[in-house]
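Before I ask anything, here is the structure I am working with.
In this document, chain identifiers A, B, C, D, E and F correspond to the written order of the chains, with residue numbering beginning at 1 in each.
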Amino acid sequence: MDNIMVFSGSSHPELAAEICRYLGVPLSPTNRTRFSNDNLEVQLAESVREHDVYIVQTFSPPVQEHLVELLMMCDAARSASARRVTAVVPYYSYARSDKKDKPRISIAGRLFADLMHTAGVSRLLTMTLHSPQVQGFFPMPADQLSGQPALVQHFGVRELANTVVVTPDIGNAKRASQLARKLGVPLAAGNKHRISDDQVEIEDIVGNVGGKHAIVYDDEIASAGTIVATIELLRKRGVTGVTIATEHGVFSGPAIERLRDLGVAEIITTNTVPIRPEKRLPNMRVLSVAPIFGEAIHRINTGESVSAIF
Amino acid sequence: MDNIMVFSGSSHPELAAEICRYLGVPLSPTNRTRFSNDNLEVQLAESVREHDVYIVQTFSPPVQEHLVELLMMCDAARSASARRVTAVVPYYSYARSDKKDKPRISIAGRLFADLMHTAGVSRLLTMTLHSPQVQGFFPMPADQLSGQPALVQHFGVRELANTVVVTPDIGNAKRASQLARKLGVPLAAGNKHRISDDQVEIEDIVGNVGGKHAIVYDDEIASAGTIVATIELLRKRGVTGVTIATEHGVFSGPAIERLRDLGVAEIITTNTVPIRPEKRLPNMRVLSVAPIFGEAIHRINTGESVSAIF
Amino acid sequence: MDNIMVFSGSSHPELAAEICRYLGVPLSPTNRTRFSNDNLEVQLAESVREHDVYIVQTFSPPVQEHLVELLMMCDAARSASARRVTAVVPYYSYARSDKKDKPRISIAGRLFADLMHTAGVSRLLTMTLHSPQVQGFFPMPADQLSGQPALVQHFGVRELANTVVVTPDIGNAKRASQLARKLGVPLAAGNKHRISDDQVEIEDIVGNVGGKHAIVYDDEIASAGTIVATIELLRKRGVTGVTIATEHGVFSGPAIERLRDLGVAEIITTNTVPIRPEKRLPNMRVLSVAPIFGEAIHRINTGESVSAIF
Amino acid sequence: MDNIMVFSGSSHPELAAEICRYLGVPLSPTNRTRFSNDNLEVQLAESVREHDVYIVQTFSPPVQEHLVELLMMCDAARSASARRVTAVVPYYSYARSDKKDKPRISIAGRLFADLMHTAGVSRLLTMTLHSPQVQGFFPMPADQLSGQPALVQHFGVRELANTVVVTPDIGNAKRASQLARKLGVPLAAGNKHRISDDQVEIEDIVGNVGGKHAIVYDDEIASAGTIVATIELLRKRGVTGVTIATEHGVFSGPAIERLRDLGVAEIITTNTVPIRPEKRLPNMRVLSVAPIFGEAIHRINTGESVSAIF
Amino acid sequence: MDNIMVFSGSSHPELAAEICRYLGVPLSPTNRTRFSNDNLEVQLAESVREHDVYIVQTFSPPVQEHLVELLMMCDAARSASARRVTAVVPYYSYARSDKKDKPRISIAGRLFADLMHTAGVSRLLTMTLHSPQVQGFFPMPADQLSGQPALVQHFGVRELANTVVVTPDIGNAKRASQLARKLGVPLAAGNKHRISDDQVEIEDIVGNVGGKHAIVYDDEIASAGTIVATIELLRKRGVTGVTIATEHGVFSGPAIERLRDLGVAEIITTNTVPIRPEKRLPNMRVLSVAPIFGEAIHRINTGESVSAIF
Amino acid sequence: MDNIMVFSGSSHPELAAEICRYLGVPLSPTNRTRFSNDNLEVQLAESVREHDVYIVQTFSPPVQEHLVELLMMCDAARSASARRVTAVVPYYSYARSDKKDKPRISIAGRLFADLMHTAGVSRLLTMTLHSPQVQGFFPMPADQLSGQPALVQHFGVRELANTVVVTPDIGNAKRASQLARKLGVPLAAGNKHRISDDQVEIEDIVGNVGGKHAIVYDDEIASAGTIVATIELLRKRGVTGVTIATEHGVFSGPAIERLRDLGVAEIITTNTVPIRPEKRLPNMRVLSVAPIFGEAIHRINTGESVSAIF
């Protein structure tokens, strides 16, 4: 490959290392300092002049720290004369801030896209944005990978007769509908009503679920409140079993406790967000996205089609 | 009001005139020329220096002509020293081009947002974008009005017991879900599979519709192919009657012929797109959005809250 | 050549194909869709990642359609990570909108230059702009080729004694003056007074034309109104014969009918604008500019001087 | 007037003072320093916060000094929070650098337009740009005034029977043609061939001049080489007398010596460029443009039409 | 005052409230949400359309949270059509990241200036930037207030015979030199050698301090390591007493413990950074900058000179 | 090396030629014209298409001429399709205009950084900016070389016992402090009070100098007023001898006369500014920076680390 260098922010060094192994390049070193006034400084510890630089940073908590660190690293690379600076953001949390559902808020998914552009990001590589329109927020070329093929492959080896894919939110059912079609099973949807960030009510299930095994799918699981409420209603509606599937397993706050005793068959997620050992429940299966990102970086670097991965 | 001037592009002068009547200001004149090489020229026929200028242009067919004309008028206003140039686009057709559902296409909803910015548009006023995320495409302040209150008000005076709101596409059900909640009726959804632009298959209806009156809602109706397919399936599922409701009644190509003999109770639309007399079917009801746009312009001009309209 | 790809808009695929033959590369395919709401979509049907992309689109009627299509194709190429996007616009019709000859119009030649920049055009390749200053409108590098060498070469093999070059408009005589000097013949000029777009009065001919053969030259012929009026006056002034020469043969509206019975010796034009077979009069000679564009693209791609073509 | 402030660069304080008298406002003071390393510093000596600021600077020699001084003053005004910064440039010398007549030069008329924009100029006010297309170079609103009405008014009181307007350059005859039409006299044109910056050959006069009084018009006279060559040839062609008319009387280098003994009836110019007393020949008449600029500034400030001045 | 609105970020609401009292306007409310994935959302809870909006946020720890929150609030205000958005940042911590003292770091003081510009900040109001050059980093108008007058006023009422101002770092002695001149006392300087962020060695004191009372001045005190090292060496050099003076009292980490037992006469600081009660040592005097910021906002709003405050 | 081309502005062709010799490439030719209206034109006389172009121009007097010439050359290179345009500015005089030490002046060091960006400069290469923060003014990558290693190397071969480095201005002592540390000698500082540009008073010397040899160091010497005043005071304080060292030897106005009879041991400078033979005093030693610039250009071109030079 041509002059490729990969650096990692502090959010997910394991994933960065795994991507480097796929690519067969070493992870380039950085020096981080937090000054006594809480200012950050990140030094890229090797010359990047005229190199094709990739900076891996996922937007796991603390999100704001990781965002600012990414911006500083990209600015450092650009001003140190990197030929191209690609931000690799497996989980772009602010994709959820994609519309003005209240007056006088920031559409932060767009704002941070612009900030990355200002900080010298010449290209973005990300996975499964909360809504596909968010790709249009980026002023620079943005490649959106999908984690769904990994999920499909995982399920594909199983017996899926009498199974239904369920999305908790009929207002955001596109991806669940695609998953159902790929698995060849029907779709049902919750009619979700959000009371607060951590409290939702699932008013109803639209579609037939009784007597079936439900694959409850959401692109992101944070506090798991929505998932738990959906599963409770599904059980009232007579499902015979439940599997949880997601791409972005944030599992914050009470999530792990909620999931631990839920009695579901399996929890499938990817590692776009780091999942510490103590969070890894016995029935949790973490699929690595490193090969997908590694292959995409390889293709960006060599000028091959990225869309052909799918 | 302070120095307000309203100009109209050639797409929908009736709506512009109606907005002016609401505002109590005259529609400012323009001179249009099409040169023999097909170049356009539009002259704003009154001084706009330091005025607060609104240019009304909807993206009805021929869309490309209307888009370019709008860009030229905004550029003319800006370079003639207007204090502010607001593009008033009741129907922003390219909101449908909001994602990369194929590789190597333009996300044109974002592109034209940027082009308007380049052409000197300092603010956008529009209605019911196909997806709410599209608001985030605009680099300048963009106010999105909703035509749904007019629909709700229309239905509100009726007896809605035993009624269901149906969206043809479960992958885009957010607005239908909001309408159902406002009307206090349940929601059902088609599982749409698009074969080509004008041909869709509705694979299934998710939710119960049998024995109910269906309000089939879509934000935009162009060739009416989707609507017709949905209604056919709904009738197979045993609905007792059908009403069609939409905000953007484009009604292009075979739409009017398809709708004429469909036997639905009522077709409710707004006038964000001009509907010529020969298209106005006996059971069609066209609600005017001029008061909503007029009030929004009034509030923009006087610095009052626009979100408070809702 | 290095990674070159050529795509064609819908305005002039014959010229694009001819340029490809010169370059020895295939014309890359596109998929065009016009949706039922009149939205356009153009997909570049091959991966362009890291390629040097040329998009050929001339501004023939319908000009606005072709302009918007070009902008969408360039945006698609840029966001699909083309290394460079060159818009190849043999006839840039809006070069005529190059000044504010009335208050409150757009200098559209500048506006569309900026729009192309916004849409991701990193370089422009064009021919014979109506005024040479228009090259300064483009914020990106713009190479202006000249079709005049082809005209000179055509005339160069003839006997030009007792010939005069005549421009219809003394206010725009620079190029005619250059042609006269290259052919080694004197110059005369009409004193043109434009009454409307399609109606001009030639008040007088400045310079001696009596007893001479006149080569009436204009950079662009659309409705042919100016040319016909000039020739009528020239005949009153006693010319012995007339040849018409132009670079951009738009020949719109009544042009062909006007030219058919005009009794001129020859009509020389290039193919920057497509000339359909039914417009090709027996005395018309169409010179191809494909070799000039092909050579320029070759030189841009390999980093050789383009100005050295002349 | 509303918060108007006028500052003067060092090029033409007399004109700035005269404009202030027209407006009835004092000329605001500045402090200029030239440091020992030749750096310039200009301090605006009064608060400009939220004021409507006009900075008068003409591009007379030393042009580069005056250009840089203007940029610094505009940047100072912008960063000191002026509400609007209008550069008033009566003579924009670089309008002559308006095209690439050689490869690999800067189209400096465009470059300096962009530099002014970068330096915070929000509006330009200028007079008679060498070619009207140059107005399209400016990314900010640019008002171009004309000095021709002053010339017309001057000639209008005279007997113009048997007079002809002559432009030295048929390649740039638009303005002379307009002047001829306004004065109601015919037009003739020199066929100019430039040998070097200061040496031109007028190959021929196109049009009849014998026995007539010639008003030789050029928008700008610098070394006067072109004018002198034209007049010599006109005299050979039998003109009975000559008047020289121009808008920008630069009169640099040998100009005054050449004009002194030329024996022309009258030299008419404006004061867009300062003309020191020793350059004011007995037969020279300098018309002030201060009222035109003053009126334009008044109208910009109060939001009235500037184009209505003409 | 004209349409003024003041909002507070979460860093220093007490200062914002105090500024509002000075201005006689209410502090406008906000709604803050931290989602379960750690995303922030801030809603401005009152209409800002056409208002002159000030957002008060100091860069106290957690700095990155406060920075991002400020960017989101400014973006919200801009896109909600505020007429002007002024970021009020009393302590701009990243002013310390003002140069490349190592290769391949970000000059973050410049980066965040650009990010604020991107986020819609149209004007900055700050105090005592670590180096005065940092003002040049901001692409928008930036007013830099000084806290030094408050310090001078505080000392001015005392007997200052036999006093010396001491800066710990001869490499950054400009402001200490100004303070010494204003107090009419001599200056001495430490020759500082930084070992790590929290460890410095003062190699020597340049200038005479023996037998004098030392006012040890630094623009910012974070961990207090530098100050303590300086004072230790000053005592070895025979000073009779010590007073500490600073503008930005960050007092992070071990600072308060270090200062508690240092035995200095007085610690003078301002409240640009919030100082919680438990940090307020008995010998600490906190001077409020609210009147200075209040007066500056008043003058920005009414268009009066801000520099005249000094 | 890859496609490298070096052009020289008119300020310092000797240095450009010396750099070319280091690189082993020819100096590319230019054609300069000054028109009779004082407009400049510079033509790059060889094709630069796709080349890596370096334009050498130092900001020696006349500074404004050299600045504008540089901007025009860079714009010419960019619009002629150079792949990269690096401005090589050994002495960036406007680095001294780095802060607002008076209200309502331009921070010209930032302004001209922005102007270079607008003119197409994609990278800057400079030496020893007056303050290190100025590097943060540039929106494009900027490499700052240091001339100090040359000075250190020069002094390194001598006996430096009993020597002190003296900076005339304690407010700007960082670089002198670094020099002292590298030479292993103590530091002393003048307490400078500027009365006017050419008149300064050195109020006091902070630190011990009696009986020592003083190396008086300033990054730039223009009129030499500061240096002379410092040396006079040093002699009163009992120094035994004086050497002057600087990086930017501007030596303008009375400088050479002042230095000629000053009786110092040696004057060490570099050639970032051309020093004409008549200015080369017998005790002056001019160290060439051409190898440093040559090596940096070599490394930029080949993608090696530039910071590794130090």
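Just a few scattered comments:
The working rule: contacts are C-beta pairs under 8 Å (C-beta built on N, C-alpha and C of every residue); 3 or more make two chains touch, one makes a residue touch a chain.
On a predicted model such as this, the values are computed, not experimentally measured, just so you know.
At the far end from chain E, in terms of centres built from Cα atoms, lies C. More C-beta pairs in contact connect the chains of A-E than those of the other pair, out of A-F and A-E. Each chain gets one centre point, the mean of its Cα atoms, and the points for chain D and chain F are 38 Å apart. The geometric centre of chain C is 33 Å away from that of chain D, both derived from CA atoms. Centre-to-centre, using mean CA coordinates, chain B is 50 Å away from chain E. Residues of chain C found to touch two or more other chains are 47, 79-80, 103-104, 107, 305, 307.
This structure has the following touching chain pairs: A-B, A-C, A-E, A-F, B-C, B-D, B-E, C-D, C-F, D-E, D-F, E-F. Against chain A, the residues of chain B that register as touching in their complex are 98-101, 103-104, 107, 109-110, 131-137, 144, 170-174, 177, 186-189, 191, 204, 206-207, 305, 307.
Interface residues of chain C, counted against chain B in their complex, comprise 33-45, 47-48, 60-65, 67-69, 71-73, 75-77, 79-80, 93-94, 96-97, 102-108, 111, 114-115, 117-119, 197-198, 220, 222-223, 225, 250, 252-253, 255.
Here chain C touches chain F in the complex through residues 123, 141-143, 299-300, 302-308, going by the rule given at the top.
Residues 3, 47, 49-51, 78-81, 83 of chain D are the ones touching chain E in the complex.
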